[in-house]
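Each chain gets a letter, A, B and C, in the order it is written, and its residues are counted from 1.
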Amino acid sequence: MTRTALFSNRRTVIANTVLLLAMLTVVLASLAMGTLHIPPDQVVHALLGQGDPLTRMVVHDLRLQRSIAGLASGAALAVAGCVMQSLARNRLATPGIIGIDNAATAFAVASVVGTGIALAPSTMALVGAATATALAFGLAGANGTRGYRFIIAGLGIGAIAGAITQLMLSQVAIDDANAAYPWTVGSLNSRDRTSILILSAGLLTGYLCLQALARSLNALQFSDPVAVALGIRLRTLRVIGLSLSVLLTGCAVAVCGPVGLIALIAPELARTVCRPGRMPITASALAGATLMLAADTIGRTLFSPLEVPVGVITAILGSPYLLWILLRPANRSMR
Amino acid sequence: MRLPAILPPSMLAGLLLTMISGLSLADERTVDTAFGKVTIEGQPQRIVTLYEGALDTALAVGAHAVGAVITRGGTDVADYIKPRAGDIAIVGTPGETNLEAVIAARPDLILAAPRTSREQFELLSHIAPVVASDIPLFQPDTWKRETRLYAEALGRAGEAEDIIRRVETRAAEVAAVVEQAVQDNERDAILARWMPQGPMIMSTGIFSASLLKAAGFDIRGQSLVDEGRPHSQTLSLENLSAMNQNWIFLATLNEDGRKALDAAKASPAFARLEAVETDQVIPVDGQLWTSASGPLAALAILDEIEDAVRSRP
Amino acid sequence: MAASLLVALIFMSLLLGAGPVSITDSMLALVRQGSDEARFIIMELRVPRTLIAMTTGVALGLAGALLQSMTRNPLAEPGLLGVSAGSGFAVAVAILLGATNATLTTLVAQIGALVGCAVVIAATRVHGLGNDPVRLVLAGATLSGLLLALTSMMMLVDQRAADEIRFWIIGSVAGKTLGDLTSTLPSIILAIGIVAVVARPLAAMALGEKSAVGLGHHPGRVRFLVVLAVALLVGAATALAGPLIFVGLVVPFIARALAGPDIRRTLWYCLAVGPCVMLAADILSRLLVVPAELPLGVLTALIGAPVLLLIVRAGRMPSL
């Protein structure tokens, strides 16, 4: 191993450590902050299972569960985004932009407002995500995930899914529409435990699979002939990678709704800080988890006791950054 | 002892009351709720309400509500109840409860909405006993049954009967006024909310419609509201003639009902309705008429009905 | 052919609707016969609505064709690029501040559209970006997303205005009067005047900027005029019907297919195709869920998105 390789490996390790520390800081902030003022020492006591039951409930059942939901969904979205960007060799190709989020939402809303389809919102979100990807893939034609057609096809699918969601919401009684509202903006408020468990399991599986595939995925940065020469079975790899990112996105949307831009910004951040030429899966996961939880904590405390949904916060904070990426004059290519 | 300085007077009064009633009877009740039977002791002193009808009932029977959700489309509790609710803590919106805010209010009883989810119920149950109504919505007697249920939980069943009787007496009074002022065949009315694209017709099952009926009005429009949409439905402007009744009660969420009425009149389709020509379009407060329920709301609505009929040209 | 289709659609728009008027009654009403009710529904509701839908279609169609020609990007569309969103956001702010006057809304919407346009143009001027349709569209989508998030934030703070904004933001041409139309007409006529002036230089610029300069045109001046016209058109359309997406994409797409590559012919065709598309969407919105109506914005998205896919599906991006 050459000195530079060693150095850049060290760079990745350092970057991951820094991201981990940032994530822990945000977790602490999220546990300590809220409508109810709880001093830090009592938070620690409650975490260790001591103190009065009500404080324990706030810390465990409300804040900790919400933090876990935020961390897991942020990480899942970011990893899904990272994989999809690599597959498409385009860093704009993320689940949110190609309409997977919207389709998952449309399906989940369909189950909430009761269109006679008796499946849990989580399952429906997954089905929606898979449908949208399949459609985008099919419509992009021979080019597959490569090139702009995939993105624009996804954009159109997202628009249709969004319109259908609007349509369903305008057709149901106001109370049902209220029940479906969190699905349309992206929120982490009291999501059910089963979805979070499914997401955690999905995240773990996806992460391990991707780590196992890391070598092949890294080869994607080269042109197709080079990758093939390196012994990569491109077609299989693409199908597996795409399936994994659909799985992750579907599970995450089932928990947090369509929270935009995490899938784009977190991998972007990870690529900036990590060793170039590698797919930064771990760093993306850490960055995604951190960003999601930070945005949620801001939304929770901004207008307390009323909440701003986390999706609104990520859109307001993330959009300017995305615009900057898009409009920056010297646009470096995605790798 | 500095107790009086620390405790708010109302709480002190409640405390005394509890002590007295606690002496006379060992009060323990079981209440049937949406999530099974709930046992409650004595008269709870710090109540959090997650439903507008529950807040109304709690205040009507003289209980001390310390937390409530905002009214639909508002930023605080509904205006009609604001003076009685006083400086009440806001613990969320009708759709989303902020559990930490509920805990911060330190309730000893939580009155929850009919549509509370089991997940939410279980979390709330850790804080205090939870009474979620399982009474079918949009029936004419829904509010009375809800009032009895919540009052039973509050240990104030007697007060509930008193206030329900008061509402019934008042309804009879207003009905007498209506009978005298409005001819028998001119009492057809419709309840709607004005939207720029067309009016939103309220179902005859909603709370204020049942009061209009009690006051002697003949509420129309159920045929315009789809099956499965028990609350309301938006109507195309082209079908506006379907709401051509003698009386139109026009609800608005803006502070100024007159302004909403003027906006509606700017639409030619609306301006040609007979009720507009005879000046029998009554602008009413949407928070009260299309969102609230409970005995206090009933009394307030009956007052507005009486005013409308009396001030008729 | 387009003209006869347009006439047919106008008749359908006048004859079909959610109201309790049979088609024969409607025809009688058109010649000032028939029941009072039918006459009212036709003359006071469907005629203004039809005229407004047609005006909006023309405005958005022309705006789309101009933007596409100037940026040489077949996906450049006021809705996709965030121009409509800018205009919608400006109106939402105005509603929040308590504005109700129709004229004021038009002006505010046009100023919002101008700012949105300026952002888009700034984006195309960035080196290398003008040739990348996707990135431009994504920038527009991001801008729209940002403005939408800001709007929902404002609606959280002031829930009373929220009701009005929420219904306005979906887009609809129902419940508008001829008064609303006349208050936007001057700016639309002004914009069409500008279009008449810039059509020739724009066609020349399509052949390359050097040859346009050679012919005595000033590309900078032309661009400024185009932006002005687009802002006036989109602002007026948004004030009339709310922020509608995809109309500016579908109309020039069809017009180009009929007219061929010449921008002047395309613009002419837009005058007929725009009203057709909007009328078709509006008629569907009235008929699908009688006695209520669907939001128009939902229908334009459902009609427009497949066209977007069609453009993408085409072997290569049609060059402009």
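In this section, contacts are C-beta pairs under 8 Å (C-beta built on N, C-alpha and C of every residue); 3 or more make two chains touch, one makes a residue touch a chain.
Just so you know, these numbers come straight off a predicted model, no measurement behind them.
The chain with its C-alpha centre at the largest distance from the centre of subunit C is B. Looking at contact counts per chain pair, the maximum sits at A-C. Separation between the centroids of subunit A and subunit C, computed from CA atoms only, is 34 Å. The distance from the centre of subunit B to the centre of subunit C, each centre being the mean of the chain's C-alpha atoms, comes to 43 Å. Centres computed as Cα averages put subunit A at a distance of 41 Å from subunit B.
The set of subunit A residues that touch two or more partner chains comprises 306.
Those residues of subunit C in touch with two or more other chains do not exist in this structure. Residue positions of subunit B with contacts to 2 or more other chains are 70. Against subunit A, in their complex, subunit C makes its touches with residues 75, 122-123, 126-129, 133-135, 137-139, 141-143, 145-146, 148-150, 152-153, 156-157, 170, 245-246, 289, 294-295, 297-299, 301-302, 304-306, 308-309, 311-313.
Every residue of subunit B that touches subunit C in the complex is listed here, in rising order: 70, 73-75, 195-198, 224, 233-239, 241-242, 253-255, 263, 266-269, 272.
The part of subunit A that touches subunit B in the complex is made up of residues 34-36, 53-54, 57-58, 61-62, 172-175, 178-179, 181-182, 187, 189-190, 192-193, 304-307. Taken together, the subunit A residues at the contact with subunit C in this complex read 92, 97, 139-141, 148-149, 151-153, 155-157, 159-160, 162-164, 166-167, 170-171, 185, 260, 303, 306, 308, 311-312, 315-316, 319-320, 322-323, 326-329, 331.
By the touch criterion stated above, subunit B contacts subunit A in their complex at residues 70, 72, 89-101, 103-104, 115, 119-120, 123, 126-127, 228-232.
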